[in-house]
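Structures for review follow.
What follows is subunit A paired twice: with subunit B in the first complex and subunit C in the second.
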Partner chain A sequence: MSHDLALVWLAEAAVFTLVVAGILAERPWALGATGAAIVAAGALVRFVPRLGTTLAGAFARRRPAALGAGVVLALALPLALRSSPYWTFVATLALLYVTIGQGLNLQIGTAGVINLAGAAFAGLGGYSVGLLTVAAGWPSWLAVLVGPWVAVAVGTILFVPILKTRGHYLALVTIAFVFIFNILMNNLEFTGGPQGIKNIPTLRLLGHAFTTKPVLAGVELPSHANFYYAALVMAGLTTWVLRRLHDSWLGLALNTLRDDEIAARCCGVSITRGKLLAFSIGNFFIGLGGAFYAVMVGFVSPPDFDFGYSLVMLSVIIIGGVDSIPGVVLGACLLVPLPERFRFLHEYRLLLYGVVIVVMLLYRPQGLWPAQVRRYR
Partner chain B sequence: MALPLTFAASILVTGLVGVAAERVCVKPLARASPLMTLLATLSLGLVIRESVLIFYPRGADPKPFPQLLPQGGFEVGGVAIRYESLVILGIGLAAMVAVDRVINRTKMGAAIRAVAQEPEAAQMMGVNLDRTVDATFFLGSGLAAVAGILSGLYYSEIHFIMGITGGVIGFSAAAIGGLGNVYGAIVGGLLFGVLQTTAAALIPRGSEFRDVVAFAVVMLFLVFKPSGILGEKSVERV
Partner chain C sequence: MLELSGVSTRYGPITMLRDVSLAVEAGRIACLLGPNGAGKTTLIRTVLGIVRPAEGSVRFEGARIDRLRTHQIVKLGIGVVPEGRRVFPKMTVEENLRMGAFIAWTGADVAKRREYVYGLFPRLAERRRQTAATMSGGEQAMLAMGRALMSRPKLLLLDEPSLGLSPLLVEQLFGMIRAINEAGTTVFLIEQNARKTLEVAHHGFLLQKGEIVGRGTARELAASEVVRHAYLRA
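So, the complex of A and B:
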C-alpha cells in the first residue's frame, strides 16, 4: 500500500521539522508557534479517532522504509542545525547517552543487574583514553577502542564475586564504587587529580582531524559534525547489536533470571554466568560512551563522572522504558536536549531528573515506549 | 535550653519527612519489584539534596553548626580523648540500646519484626501493616537525624552532600554487621570506623584514601560472608 509509505514519511518529516523548529526557535512568537504546533500534533494523534493506530500500523508494515528515512533525517540534522553549532554538540551528546543507555539497559532492564556505577564505568573508559593518549602516546582511535575494555576488565574482576550476592547488595556496592572511583581520580597523581587529564588528542581519519569543519558539496557543517556522524554510527551499531542480543535466546534467558532467579536456575540458566555476561557487555558500551566523550571534549576530570551522572543515565532508561531498546533511544533524545533548550532550568537539572524518575516510577513505570513482548515467527 | 529543643524538633520533623517519603514513593511501589523502590528512594534523595542546594540560601557552601558539647579533653597514657567524642559515643550507644529495646521488647517492635519476615501472615495475626511501616520509617529517619546532628556537632559544620556518603557508609556498616540485627549495625559501624582510621594512619596520604580502603573491605566481606558478622544465613523456600 503506497499510502502507508506516504504516511510514514510524512510523519517522520513532521517530527523532524518540529524538532528542528523547537531547537532553533528563538523569538517568543516563533517559540510559541512551535510549542503550539507540537501540542497540536500530539493532540491530533491522541484524539483523532484511529489516527494513532493507523500510523502505528503503517510504521509496522513499512519498517525498512521508516528506518531508512530516519537515517536520512539523522544524517541531515547537522545541516539543519548549521545556524547554531552548539546544538550539533548537544545532539552528539544525546547519541552518546543512547550508547551508554543501551549498555545500562542490558544490565538493569534485561538482566536486572542493578548498576548504579554507570558514571564510574564511563569514567574508566574516558580516563583510559586520556592516559593512553597523553601519557603513553597511543593514537586516539586505538585508545577509544581499548578504553571500553578497561571498563569491562575492572568491572569483571571487581564484581564477579558480588554478582553472586542477592538483593540490594550489588546496588550498594556499585554506589560505593562510584565514590571510590571519584576519590581515587581526585587524589591519585597519575590521573591529574582534580584537574583531570587535559589535551587529549582528537580523532583523525585519513589525516583529517575531527575538529575541522567538514565541507560537504560546498556547504560548511558545524565543527562537531564529524563527531556527530561518528557517534551516530556508534549509537546505531550499539542499538542494532543490543537489539539482536535482546531478541536472541540470550536476551530471553537474561529476562528469565531477572524475573525469577530460582525458576531460571530450574530451567538451566546459569545465574552467575548470565549476570556476568550482561554486566560485562553493558560495561563495554558504557565505557565506549565515556571513551568517545573523552576524545570529543578533549579532557576528562572527576566531576564529569560523579554519582549524579549515574542517576542521569538511569533516568534515560526509566523514562524511555526499562528493557525497551527503542525506549532508550527516545529517553536519551528527550532527556539530554531538553534541559539545554530551557537553559533557565539548568540549575534545576538534577532536581528535575530526580523528580522525573520518581513520577515515572509511580505513574508510568513501563516508560514512554514500553518494552514489547517478543514475537517469534 | 533552646538548642536541645531545636534538635528534638529536627529529629521529629525528619522522622515525619521519612514517613511522608514512605507514603509518596515506597508504599505505592509495594507491588512492584524491590528494585523500583530502591530507585525511587535514591531519586528522592537526589531531589532532597538538590532542593537544599538550590533553595537554601547559599546552599552550596558548608554551614557552621552550633557548638553544644563541652570542649577540651584529657589524656590517658598518651591518647588524647575529647569530651565531645565521649558524649557522641554515649549518645550513639544509648540510641542503639533504645532501638534494641523498641525492636525486641515492645509490641510495635514485634510487629516490625513480623512484617519484615512475612507481611501477609503478620496482617493475619492482627498487625496493622500501614502503621507498622510508618513507625519503621519514623524510627529510621529519626535515627538518621540523630546521626546527622552528631556529625554536625563533631565536625562543627554541615553540608548538603554529607548525607549520601553517610548513607552509603551506614548501609555498608549494617551489611557487614548483618542486616536485621541491631547489634550488627554497631559492630559493622565500629569496624568501618576502625578500618578508616587504620587506613588513614598507616597508608601514606591515607586520609584521602580511607573510604576507599573501608569500602574495599566491605566488598570483600560481601564476597566471603554475605550474611554479615552477626547475621544468620537465610534459606529461601519456593
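So, the complex of A and C:
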C-alpha cells in the first residue's frame, strides 16, 4: 500500500520540520507559531478519529522505510542546524544520552539492577580518556575504546554489594558510589582535583581532526557536526546491539531476574551471572558515552559527573518507558534539548527532571513509548 | 531418586526442620503432607539450595546436592512449581515456557517440548501470546506446571499446586499429575489437600512442626490414625 509510505514519510517530515523550527525559532511570534503548530499536530493525532491508529498501522507495516527515512533525517539534521553550532552540540549530547540510556536501561529496565551511579560510570570512562591521553600520551581513539572497560572493571568491584542488596538498599549503595567517585576526583592529585583534566586531544579520522569544520555537499557545517555523526553511529550501533540482546533468550532471562528471583532460579538462571552480565554490559555503554563526551568537550572535571547527571539518565529511561529500547531514544531526544531551548528552565533543570519523574510515575508509569511484548520472527 | 538424610534447617535461632529423612522413589508419586507452618516449603527450599541445611545431606540420584546452587541443582533434572506458582506476569505464555527450557536451550527441542506441553494443556496454546498476568488462577497453575515440564525433568517438585483453585480445577490438576507421572516423570507433591493427594500418590510422608511424624504407602497413610484425625476428619 503506497499511501502507507506517503503517510509515514509525511509524518516524519512534519516532526522533523517542527523540531527544527522549534529549535531555530528566535522571535517570539515564530516560537509561538511553532509551539501552536506542535500543539495542533498533537491534538490532530489525538482527536481526529482513527488518525492515530492509521498512523501507527502505517508505521508498523512500513518499518524499514520508516527507519530509513529516520536515518536520512538524522543525517540531515546538522545541515538544518548549520547556523547554530551550539544546537549541533546539544543534538550530539542527546545522542550520547541515547548511548548511556541504553546501557542504563539494560541494567534498570531489563535486569532490575537499580543503578543510580550512571554519572560515576560515565565519569570513569571520561576520566580514563583524560588520563590515558594527557598523562600517558595515548591516541584519543584508543583511549575512547579503552575507557569503557575501566568503567566495567570498577563496576565488578562494586558488584559484591550490588549482589547482596535489593531495591532501596541497592539504590543507596549506588548513590553512595557516585559521591565517593566525586570526592575522589576532587581530591586526588593525579586526576587534577577540582580543576579536572584539560586539553584532551580531539579525535582524528584518516588525518582529519574532528575540530575542523566538515563540508557536506558543498555546505560548510559547524565543527561539532563531526562529533554529531560519530555519536549518531555510536548511538545507532548501541541501540541495535541492545535491541538484539533484549529480544534474545538472554534478554528474557534478564527480565526474570527483575520480575522474580526465586522463579528465575527455579528455571536454572544464575542470579550472579545474570546480574553481573547486565551490569557490565550496561556500564560499558555508559562508560562509552562518558569517554566520548571527554574527547568532544576536551576536558573533564568533577561537576561534569555529579549525582544530578545520574538523575538525568534515570529520567531519560522513565520518561521513555522502562525496558523500552525505542523509549530510551525518545526520552533522550526530549529531555536533553528541552532545558536548552528554554533557558529560563536551565537553572531549574533538576527541578524539571524531578517534576517529570513524579508526573510520569503518577500518570503514565509505563512511559511515553512503553515496552512492547517481544516479537519473534 | 531424591534422598534426604538427617536434614535440619534453621532460620537464625529457629529450627524449621529437625532431623528429616525421607526418600522419593523413582517413577512414583511421593507426597509430603502437613499443616501450615510445618516446614513443607522450607523442605523444598532446602532441596533446591535456596536455604542451606545446617545438618544432614540431600542426594539426587546418589550425588550430594546440598552444597550446590539452585541453578546447578535444577540443571540436574529437577523441575519446580514453586509455592504461589510464580509465573512471570509480564511475559507471554510462550515466553514463560521458553524460560522453563532455559537449561536445555536448543531451538528444535524447545519447540517439540512446547507442543507436548500444549498437548497437555490446550488452554495454554489458545493463550500463547497473552501475558501471564491477564490469565486466571487456574490457567496460571497450568502455566507453572507447563513451565516446569519444559526442561524434561526427571523429578517434578510441586509446592501446593492446588492452592486457590476451584474443586473442579483441583480434580483436573490431580488427573494431570497422574498422567505426567505415567509418562515417566517422578513427582514429589507437597500438599495440604490430603484427601485428593492420597488418591494419586503412591507413598508419602507426614510433616509436623518440622519433623517427620508418619510415612508409608498412600493406603497406609490414609488409614493411619493421625491422618484420619487431622486431615480427613473421619
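Some points to look at:
Note that the second predicted complex is superposed on the first by the 370 of 377 C-alpha atoms of A that agree within 3 Å, B and C clash if a C-alpha of one lies under 4 Å from a C-alpha of the other, contacts with A are read in each partner's own complex, and residues count from 1 in each chain.
Here, a residue touches a chain if its C-beta (ideal position, glycine included) is under 8 Å from a C-beta of that chain, and two chains touch if they have at least 3 such contacts.
Only a predicted model underlies this, so the values are computations on that prediction, with no experimental measurement involved.
Aligning the two structures on subunit A places subunit B and subunit C side by side, free of any clash. By the touch criterion defined above, A:249 lies against subunit C but remains apart from subunit B after alignment on the C-alpha atoms of chain A. Once the two complexes are laid over each other on the shared chain, residue contacts for A:362 go to subunit B alone; subunit C is not touched. After overlaying the two complexes on the shared chain, residue contacts for A:161 are found with subunit B alone; subunit C is out of touch.
Look at A:268: by the touch rule set out above, it reaches subunit C but stays clear of subunit B. Between subunit B and subunit C, an angle of 70 degrees opens at the CA centre of subunit A in the superposed model, to the nearest 10. In the superposition on chain A, the chain among subunit B and subunit C reaching more residues of subunit A is B. In the superposition on chain A, A:37 makes contact with neither subunit B nor subunit C.
Taking all C-alpha atoms of subunit B against all those of subunit C in the superposed arrangement, the shortest distance found is 5 Å. Put simply, subunit A uses residues 262 to touch subunit B in one complex and subunit C in the other.
Across the complex, subunit A meets subunit C through its residues 249, 252-253, 255-256, 259-260, 262-271, 373-374, 376. Those residues of subunit A whose C-beta lies close enough to touch subunit B in the complex are 108, 112, 114, 116, 158, 161-162, 165-169, 171-173, 175-177, 179-180, 183-184, 186-187, 262, 307-308, 311, 314-315, 318, 347-348, 350-351, 353-355, 357-358, 361-362, 365.
Residues of subunit B touching subunit A in their complex: 24-25, 28-29, 32-36, 38-40, 42-47, 50-51, 54, 164-165, 168, 171-172, 175, 205, 208-209, 211-212, 215-216, 218-219, 222-223, 226, 236, 238. Contact residues on subunit C toward subunit A in their complex (touch as defined above): 48, 50, 69-71, 74-75, 80, 82, 86-92, 94-95, 98-100, 102-103, 105, 129, 131, 147-148, 151.
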